[in-house]
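The two complexes that follow have chain A in common; it is paired with chain B in the first and with chain C in the second.
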Partner chain A sequence: MSIVTVQLGQCGNQIGFEVFDALFSDSHCPQKFCSKRENEAYQASCKERFFSEEENGVPVARAVLVDMEPKVINQTLSKAAHSGRWKYGQHSHFCQKQGSGNNWAYGYSVHGPRHEESIMNLIQKEVEKCDSLSGFFIVMSMAGGTGSGLGAFLTQNLQDQYSNSLKMNQIIWPYGTGEVIVQNYNSILTLSHLYRSSDALLVHENDAVHKICAKLMNIKQISFRDINQVLAHQLGSVFQPTYSGEGSFHYRRNPLGDLMEDLVPHPEFKMLGVRNIPQMSENSLAYSTFTWAGLLKHLRQMLISDAKMEEGIDWQVRPPLSGLPTLGKMPLTKEFHFNTSIANLVILRGKDVHSADLGAFKDPALYTSWLEPVTAFNVWKTQRAFSKYEKSAALVSNSQSLVKPLDMIVGKAWNMFASKAYLHQYTKFGIEEEDFLDGFALLEQVIASYRNL
Partner chain B sequence: MGRRRRRRVDPADAARALPEAIAVLTRTLPTGPSPETFRRAKFDRPEAAPALWRLLFCVLSPMPADGASPSLALEAQARSVKAALRFQGYPRRALAQLPDDGSQGGRELLLALAWLLARGPTLEQLLAQSRVRLGDEMPVCECESLASPGPAVPSVEADGCVDIRHLQWLMGKLRFRWRKLMASQQEQCALLGKIHSYTRGCHSDRSLGHLSVTETELLRDPEGGQQLLQRLERENVRLEAALEWRRRELVFWQWMDTVLGACPPEASQPTFLPKIPAQGAAELELVVRELQALQEELQGVAETRWAAWEARVGGHGPEWSASRRALQEAVRQDLVALQWAWERGGGLAQPHGPHRLVRTEAGAPEGRGLQATEVIEVLRSREACLEVVLGQLQGQCRQELARLVGTLPGLIWIPPPGR
Partner chain C sequence: MEEGVVNEILQGPLRDVFDSKQLITDISGSGNNWAVGHKVFGSLYQEQILEKLRKSAEHCDCLQCFFIIHSMGGGTGSGLGTFLLKVLEDEFPEVYRFVTSIYPSGEDDVITSPYNSILAMKELNEHADCVLPIDNQSLFDIISKIELMMNSGKLGTVIKPKSLVTSSAGTSKKRQEKPFDKMNNIVGNLLLNLTSSARFEGSLNMDLNEISMNLVPFPQLHYLVSSLTPLYTLADVNIPPRRLDQMFSDAFSKDHQLIRADPKHSLYLACALMVRGNVQISDLRRNIERLKPSLQFVSWNQEGWKTSLCSVPPVGHTHSLLALANNTCVKPTFIELRERFMRLYKKKAHLHHYLQIEGMEEGCFTEAVSSLSALIQEYNQLDATKSLPVEDIPRLSVAV
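Right after this comes the complex of A and B.
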């Protein structure tokens, strides 16, 4: 089943390119540990999901590119075409000549309605090319101006027009010390709108990925391209094909649907995060070997101590003993905080994957009281390795780990709102104070629900 | 020509007739036990019980198409059989009282089997369910899925509080599964369409014109063709056995009379009472009192309304009865119109059961069978009716919630914002 990707704004388009590139590279990576037949099945599954076939045989990404100015889209299109390996559809993009002034309200109230028909037509054409549609990826930044406003508008439109299809928004969480003054306002509005119309919000934090680039990949001058490639690697290791069940050797038809059913069925808990292990520069790969036991041990500790990478993990954090409330286990130094999960999905790829022991993830102490581990924890596997990593594991989790960042943003935005700073930029284009208040109320509710696990 | 000597019935033949009849019956049924098992069951021997529990389970639960039987434990099968029989209205209480572990009850199970066979076209239904399908079929009505309740799910005792978040989680999972199912069905339709159009002109039967998935697989995979042939042969055996059964079954029914006679007389109180959990008693009291209060209230309101209406309409007399007849006639016509709207076609036969999908070119002469557009029309009008009913039920729920909330002091109810 196919997924149609909508790439929005500078952020969305640059990341989208890296994602398709990573998917393509992985599916054509020479494999040592799996049979030719299996590899072909893997490639076919990946191809059907993310690419469509054109006459001359070059795969065409199932994507629609949207931006209000032409520069980034043209760069993206030409990068893909020059690679010669895959490309974007000739007419699958939409852009305007003018810029947009980085204004959320303008993106939502002006650009959105004005260009709604053209953009939805492009999406409709992509959908018609699919034999079956599993759902949509919408890649966008949360705090940028037009990209995020337009993204919120489009997601609502997709909800209305394709109400049975699944929608996952890939949201880029801005740096804490970002440059845009009103980024917190934008974040509030984006998140609150998406929470109502999207099925799942997969959050990628710029700060976390930046640290991965610095510490694990040893990149000196970190560019956006590096960050986007790490992100693409994470997404690829989640959505590339996996077996449909224990003991099965057929690839799962609808990973997006399965993921959503496993992780976000509750309407109040839609925020997901991704962790990946091992993450390292490809030069160092040749000198490292891993065991499943080691990888999973680190991954589990990354989850419960809310670390985003395998270096610098706090091993002191332990799950609470049964019977004691989670917060009651806090020692004197208040930094120790146990990250309770609602549900987790672990994806294992590579050699001897069936021997991996996941018992530690089934510990009820990791999870909230109203879900049993048998429901809350799921595993996907495949023997076919991801890219050049002989063994790799990814963890998609619905947990408390986004509570703190979200709370910070809400706090900062509220302070600005209380003094009515910069509100005229929004009210000028139809976003009233009431919309802000609705957004605050919804997000406070989300924070409270997550805290109350 | 001499008078034909009438053959006297050989006692040995008579003795053989019953086991042969039972053998034919078991050839027809999915997992037939031996005639010896039946005999033991009449005398309530414990070793006969498990086989009969399994047989009843196969008869009562809808069989999966590819013949792979679900591997449920005997206990689960026994519970499922009891629930299914209860659902169908089986009257004998003794069966419900049998232990769940499946160790006893051969005679009661025999009686249940005979009841099922006598009651309706059980054998024919079973054969129809498990027949080999060569075409790509889809049902055009919901009768089959509505009739069979499915295997009984063990009821979960909710002792103490249930976290509502868990319920919301489960509802959400159901919704996602439904959406995934929709996507899968669309995929299946798209792929079926492709296969049907690619194999145009390949079928020897001109009225069909193209191959189905099974038929295409036959061409691609000869090994699979062998398996299909074997399945068809097995089905043939069962069909022939079913025909023969119809000729021999009298002997079986005569024997079943003796089985019934061998049972101890049944105690009184044949009705089944639902199990009421102990804690529910207090709430039930409350519900009973509320219902009584509601009934009195309704009676009062109805009486005043009736009196007011009568006063308005005027007394009795010939013109009154005439207008009343006219009213009744109008109501009757309304009901008929409603029913017609529901069934969309008045006296025409309702399409039922699975039909084979055949794709024809636009403009080709209409073949036999249903037109897809007609079926779609019927389904759409049904959908519209059901949506109306759903809306009414939702409105009633909302009103009820509002009323309940009004009775609880200190509770503020904020309904979700309409989209």
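Right after this comes the complex of A and C.
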């Protein structure tokens, strides 16, 4: 089954390009540890999901590019075309001459209705190219105007028009110390709208990815390109094919459906985060070897202590002892912010993958009391290694780790809202104070629900 | 409203850049009288101006904003210029109006400049989306600094063969320089950098409508203090490029502002940094972290930064930075302007030149002053919050 990607705004398009590039590179990476037949099955599965065939053999990404100003789309299209390896469809993009001005209200209330038909037509065309549709992957940022506002509008539309297909929104959480001054307003409005219409929100924080670039990849002058490539690597390790079940050697057909089933048991809890291990520069990779035990141990501690990368992990954090009343242990865990999960999905790729022991992830103490680990925890595997990593593990989790960043954004936005700053820019296009209040209320609810796990 | 300046442009090296049909001139000028510019020439030329504007607008696929460039102290720029603001607002309500205004400095030679400026300010308050005030004294100080650097001889400066403005014959001789050329060049560079992200590609683009969106938290507070680093003018002096971080520090020093203001010691409502050249997001973030502690931001906008990265640097440089700040440091300029106005107005000096124009009465003056006073009061209120501790406003509580 195929996934149609919708790339929105500058951020969405820049990232979307890196994602397809990463998927393609991995797909064509020379493999040492699996059979030729295995590799071909992998490649075919990847192709079915993300690329369609063109006449002259160059795969075309299953994507629709949308932006309200032309520069970024032009750049993205030409970068893909120049690579010679894959490209975007000739008519798969939509752009205008004037951007959204970082104004959520403009993206949602003006661009949305104005261009609804054209954009939905493009998406329809892309959907028709698929034999069967698994769902939509929408890449957008929260801070700007197009990705956030138009993205929220389109997701709602997709909900209405394709009610049987799944939608996963890849959201970019902006840097804490502003890229855009009204980013907190835009984020509140985006998140509250998406919570109602999307099936899952996969979140990547710029701050976290930036640290990965600095500490793990050792990049000196980090550019957005570097950040996007790390992000794409993480997404690739989640979305590339894996076996459909324990003992099976066929690749699973419905990645989005399976992701939702495994990770979103309850519609109140939709926020997902990704952790990936190992992640390092290519030079270091040549000198490193890994064991599954080592990788999984780090990954588990990253989850528990809410670390985003394998350096600087706090090993002091421990889950509360299962079975014992939490009274005695509560203060300690509260202090160290133990990260409770609703659901976890571990994805293992590489050599000897079946020998990996995942018992530690099945500890009920990791999970909220109303779910059993047998439902809350899942693992996907493939022997086929990812990119140049002999062994790699990704963890997609629905846990409390996004509560803190969400709380911060809501706090800052609320502060600004109380002074009524910038509101005239939104009311100009029909987003009133009430809409803001609705958004705040919904998100406070989400924060409270996650906190009470 | 007089022919001399426009004719000069038409004979100069840029004559082919301007469409001769899009020029309007009169003979006698406005006599440094805002009322003449606004009321007399306004009504006289309104139709003509509108027609030419419509023509230009039709050539555009998508009209985003108007740049109005004028001085506040004279008659035409100040009077007719602000008259046009209202016309643009009525005719093209969705198009942003960016105004670059040259404020009169302390020792300027037009006696009635305070009157003209205050009358113009009222219009700017009401009809402009965004104003970039600039004053001649600051420009002059910047030029002097550059010349000092040039003449100090320590840096072994060389005048580059490629000037920013070359004559149409393409020779490398410096063309005849007029006294204000260097100062105007700085303002030109300001506008150049402002629009660079809209014209060129970059990893974090910023359009002109984003400037208004991010830097204008309340409609009346739309005055932005600008600073440009590194400094360079017509002669493209080859000052060795200073370290990148120094460029950021300079942008916040009071010597680099294009108006007499000290943003570091006043309150920031918002700040935008537009970087051009080979600068990446990590450089930008590092410098923001570094400079943040020494700057005061208003309590509800502690992280009030808007940033943009454009990959193409300006000609002859590896990188440049334009900082636009919505900061209470504009207040002193306005207060001083009001004082100079009151000194004249109390004596009713030169008032008759204005009152004899049809449509002008003393009410216009008093209204203009109260409009300015209200603005100053807004800034005062903000400044008062500077020293107060940041209050945490109670959040919405929800039932779980």
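The rule is simple: the second predicted complex is superposed on the first by the 440 of 453 C-alpha atoms of A that agree within 3 Å, B and C clash if a C-alpha of one lies under 4 Å from a C-alpha of the other, contacts with A are read in each partner's own complex, and residues count from 1 in each chain.
One rule holds for everything that comes next: a residue touches a chain if its C-beta (ideal position, glycine included) is under 8 Å from a C-beta of that chain, and two chains touch if they have at least 3 such contacts.
Computed from a predicted model, the values in this text were never measured in an experiment.
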Since both structures carry chain A, what do chain B and chain C do when superposed there: clash or fit?
fit
For A:Gly257, using the defined touch cut-off, is the partner it touches chain B, chain C, both, or neither? Pick first, second, both or neither.
first
Just chain B (first), just chain C (second), both, or neither: which does A:Pro267 touch?
first
Between chain B and chain C, whom does A:Trp370 touch in the aligned arrangement: first, second, both, or neither?
first
Regarding the shared-chain residue A:Leu133, is it in contact with chain B (first), chain C (second), both, or neither?
first
Looking at A:Asn103 after the superposition, I want to know if it touches chain B, chain C, both of them or none. Which is it: first, second, both, neither?
second
Just chain B (first), just chain C (second), both, or neither: which does A:Asn164 touch?
first
Of the partners chain B and chain C, which touch A:Ile227 in the superposed model: first, second, both, neither?
second
To make sure I follow: the centres are taken over C-alpha atoms, the vertex is chain A, the ends are chain B and chain C. What is that angle to the nearest 10 degrees?
140
Among the partners chain B and chain C, which is in contact with a greater number of residues of chain A?
C
Nearest Cα pair across chain B and chain C, whole Å:
11
Report, in rising order, the residues of chain A that make contact with chain B in one complex and with chain C in the other.
none
Chain B touches which residues of chain A in the complex?
1, 131-135, 164-166, 253-254, 257-258, 260-261, 264-268, 369-371, 375
Residue numbers on chain C that touch chain A, as the complex places them:
61-62, 64, 201, 203-205, 207, 209-210, 212-219, 269-270, 280-283, 285, 288-289, 292, 299-307, 309, 393, 395-398, 400
Of chain A, residues touching chain C in the complex:
10, 14, 69, 71-72, 75, 96-99, 101-103, 145, 175-182, 210, 213-214, 221-225, 227, 410-412, 414-416, 418-422, 424-425, 437, 440-441, 444-445, 448-449, 452
Once bound in the complex, which stretches of chain B touch chain A?
163, 165-166, 168-173, 175-177, 179-180, 182-184, 186-187, 190-191, 194
